[in-house]
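A short worksheet on the structure shown next.
When the chains are written out, they are named A, B, C and D in that same order, and each has its own residue count from 1.
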Amino acid sequence: MTLTSPLRGIIPPLITPLNSDSSLDLISLEIILNHIIKGGVTGVFILGTTGESSSLSYAVKNQLIEATCKLVAGEIPVLVGITDCAIEESLNLATLAKRVGAEAVVAAAPFYMNIGQEELLNYYNRLADEVSLPLILYNMPSHTKIAIEHDTVVQLAKHPNIIGLKDSSGNGVYFQALCNSLRSRPDFTLMVGPEEMLVETVLLGGHGAVAGGANLFPSLYVKLYKAAVKRDFEKIQLYQKIVMEVSLNLYGFGSYKSSYLKGVKASCAFLGLSQGYLASPLYEFSELEMVEFQKKFDYVQDLVLSVSSK
Amino acid sequence: MTLTSPLRGIIPPLITPLNSDSSLDLISLEIILNHIIKGGVTGVFILGTTGESSSLSYAVKNQLIEATCKLVAGEIPVLVGITDCAIEESLNLATLAKRVGAEAVVAAAPFYMNIGQEELLNYYNRLADEVSLPLILYNMPSHTKIAIEHDTVVQLAKHPNIIGLKDSSGNGVYFQALCNSLRSRPDFTLMVGPEEMLVETVLLGGHGAVAGGANLFPSLYVKLYKAAVKRDFEKIQLYQKIVMEVSLNLYGFGSYKSSYLKGVKASCAFLGLSQGYLASPLYEFSELEMVEFQKKFDYVQDLVLSVSSK
Amino acid sequence: MTLTSPLRGIIPPLITPLNSDSSLDLISLEIILNHIIKGGVTGVFILGTTGESSSLSYAVKNQLIEATCKLVAGEIPVLVGITDCAIEESLNLATLAKRVGAEAVVAAAPFYMNIGQEELLNYYNRLADEVSLPLILYNMPSHTKIAIEHDTVVQLAKHPNIIGLKDSSGNGVYFQALCNSLRSRPDFTLMVGPEEMLVETVLLGGHGAVAGGANLFPSLYVKLYKAAVKRDFEKIQLYQKIVMEVSLNLYGFGSYKSSYLKGVKASCAFLGLSQGYLASPLYEFSELEMVEFQKKFDYVQDLVLSVSSK
Amino acid sequence: MTLTSPLRGIIPPLITPLNSDSSLDLISLEIILNHIIKGGVTGVFILGTTGESSSLSYAVKNQLIEATCKLVAGEIPVLVGITDCAIEESLNLATLAKRVGAEAVVAAAPFYMNIGQEELLNYYNRLADEVSLPLILYNMPSHTKIAIEHDTVVQLAKHPNIIGLKDSSGNGVYFQALCNSLRSRPDFTLMVGPEEMLVETVLLGGHGAVAGGANLFPSLYVKLYKAAVKRDFEKIQLYQKIVMEVSLNLYGFGSYKSSYLKGVKASCAFLGLSQGYLASPLYEFSELEMVEFQKKFDYVQDLVLSVSSK
């Protein structure tokens, strides 16, 4: 399967379904992959932040790459996160991804050493040279401590093997600047991370979203994406409201810095898509919290169901 | 003159025209006020960040408030920044603003003491109680070190004297969350600071922008605003491209943290709108830098002129 | 009275005693000034962060400068904080300070505009040129968002009117680097803000501390200072332990970002040195909190008393 | 070999000597290990930040652990960094370390996921439960984005398998607070990272430093440590001055965020201790920079030699 240029639509950053001993839950993996494919997503991104990539052992990462590619079996493109502080380990993951049939790799900046844009440029150019799959940049300053600045992206977009950017900064000025500066590169994919910004992204020159909520309710995000493509503002308003309620209710419960991931995994469990286990250093909501969270989830699920046939 | 609810359109955060000794340049003040009013703006916001409010003496602040209200003479609403670390000084500015006929006051968070949301809520409620003009919140975390968080805004929006928010964070997720949460308050003004985000703001439930570039090219931003209101995507693309070129070329020259303000004031000087002086601790581009900057300015001005009759 | 070069010893950053309406409490001002002078401090620093300078109106600032100089009457040097985002207001405060007999002025970086070291250097050089009293730099990055970097301090130390640095960063590497680089300037005062670092400062080349706790227990800090000067490690251990208990118990109660100031002012009230009022945007502990805080205060006071005759 | 409680003295965070293809340079490893042991250090810490641990592949990490333990052969304790975002990988490293004879493991916080103190506490307790070697906490907020706060350390110090803290924050207030709070645990090791703070650490209750400069000039730091233990202020001044010149000249060249590591590795090459290669994403000084840097190195080396017989 070949990638379209640019990639468009909704690509869930897949949660990594885990057993209680942190091993990979292969049964849930199949369930959730079927769920999102049925929901109409354009591709799947494994080993991203939502996939808790940094918290997984290499054994689990390798197993996940192989199993996903096998289960997806070419129905949609598989994008594999290879973010790592050690470039050799990123290259190892990329080699495996290529071998088992993934379509592209995605890399955030190395995130321990404090570096500057010059070192970042150097790093990504080397990575793009050495991986044999197309490379998508992943801007995630809240987790990596360094932004891939506008000028760096423009520079890197000249590399023939760098095909796009996933921007999870939430910074609307930065994203607009890139849409403008990369106008002459219509094949370069520009996607946002925060699904709350999907509509503006699509209306103003971007190509879609790597939407965490699409693990839960893939068709909701697909419908919002299509409404945005058609500039159907009535439907945009209808779906955007629900997307914001997902965000407000499921991602911010309990004021943890990790509320988003706790909420997504608990919701997956409610939906029967996976067990709710998180990888260390994160852990699940307490039982008491779950009681409260279930109410929020039920409210949101009712909203989603209310538009499911529209 | 009464304010509409909500305020809509383009409101320039007026630069403060200065003489070389940092006194107020009244001649330029009249010129630039006429310039923006002729350009079709909906109001004017003095003593904001672009107005270098924090760098001005109280004598100059008071003189500016009086002179602006007199010169504007009711043609458009005057919004007066009263941001100050000392609430008594904010109240003094608000009292003067009221007396000379301004329509509203605007306040960012106090910015020296490190405080939490609880203290911020308390602060704004007291401020709103004590000023007799309507109060607009001003979210400017890059300068104040504290964001007015989503829940705090929702809480404050219940105060009868708090009529809106200017959000200069550039955070698209935050802004969408507020648009959603304040849907039941259609009279509450939601404006963005970064003009690069004007279109998405208007398309998705906000009311306009406090656009620094509207000091220079007011009608460009007004036309972009109107195109966004009409959802005329052809015109949106035409103007948005130029707005982004203004931003790229005039706001980021020389990699200063103060590049934006240096650029705006130098451009005002090129346009004959004011002398180029900045208030301490900022200062002007060097002569050498000005030679380079002029080229960028000329390029941008040609672009703007190319659409001036469209 | 002339300043020694360098300044040495303990200099309390005086709290600003306020009435419930935020006016200056002159009666308490006299009480606390007598208290610290009796405690053996080397000077007094008004209008610093502990003095809530940024939160005070200009009327109160002016009144405080005049009253303090009058009450101190030359017994100890008075250092006046002139930190302000508007250089004209800093100069106004410095002029008044000079006129009423203060010995030096102290200025942190302007704290709203985002600036670089080049602009900071320019700013301080201009300030030092224009004030007629000796100027002490005040490094306070947690509140100003900018550090006065090592090289900038070294550069500024060449200005004949810049006589010292108060470093409140808590950064031991930075302070050691300055002690080393300014070795050839034995008259340049190097003081720390955090009293927890007084001993190491004195042992390793600095001259003392601007110790907030010296509002409460001036003689404790004076004794610790003297022990450090004498390298009397037995006494250092005795007093340092208590200084740390002051810090642990009185500055971190209730997990507010403003816990330090709430704690200092509440303690001043317990000691009869002032009423406990804080200036907006801060406010006092709740009644419930005060009950708990009193216990901590009593514990600390007993510790202090236990060494008062040693 | 058993560890003393607490550990005392100078422990170099060993650089990882690399060949040009990023494989481990075993010849240099032997040279530098002999160099530091001859210099009198108390132990060696591999796979820390100076060791570029995060940038190394697991193959290299494993090889380094085995080779170091074999080469050191029990002459000094070997401390092995097991910092990793994935706890399973940390445990794997710890198991290997135990098997080949290391004496302790050292772990900084997991550094990709944004977590709070509660999650950090949980994480370290689990780690301490599961590793069979004693565990040393490593506070490195500039690289991990999270500090191990005072109260968290105090809590963790109760775990029987947590034997100490290496604090690389440079925060003097934090370190003093810990010295005070852990007074009742005289066996708990408190070491600083920044060698510039070695003296104050030892004078005021800490036990030594994990000094990067001890890769280069181990005996200098050992002599400074001994002078501090003896409170010999004449010698302290003599050596501290040179330690600060090392820091000023070798760690800050070229204003890179990675200047420290570039400088240490270039200096190692000058000293014949290793080749100068850095692991991606870092890279070496340019040839032009090396010419300038050599001058600084020569200046520093002369200083060090001047006291080598004292």
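Convention: contacts are C-beta pairs under 8 Å (C-beta built on N, C-alpha and C of every residue); 3 or more make two chains touch, one makes a residue touch a chain.
This is a predicted model, so every value here is computed, not measured.
Engineer: What are the mutual neighbours of subunit B and subunit C in this structure?
Structural biologist: none
Engineer: Measuring centre to centre with C-alpha atoms, which chain is farthest from subunit B?
Structural biologist: Most remote chain from subunit B, centroid-wise, comes out as D.
Engineer: List the centre-to-centre spacing of subunit A and subunit C in whole Å, with centres computed as mean CA coordinates.
Structural biologist: 49
Engineer: Between subunit C and subunit D, what is the separation of their C-alpha centroids in Å?
Structural biologist: 35
Engineer: Okay, what are all the chain pairs that touch?
Structural biologist: A-B, A-D, B-C, C-D
Engineer: For the complex, which residues does subunit C have touching subunit D?
Structural biologist: Subunit C reaches subunit D through residues 170-177, 179-181, 183, 194, 196-197, 199-200, 203-204, 231, 233, 236, 240-241, 244-245, 247-248.
Engineer: Across the complex, what residues on subunit C touch subunit B?
Structural biologist: Touching subunit B: residues 22, 49, 52, 54-60, 85-89, 92, 110-116, 119-120, 122-123, 126, 142-145, 256-258, 261, 279-283 of subunit C.
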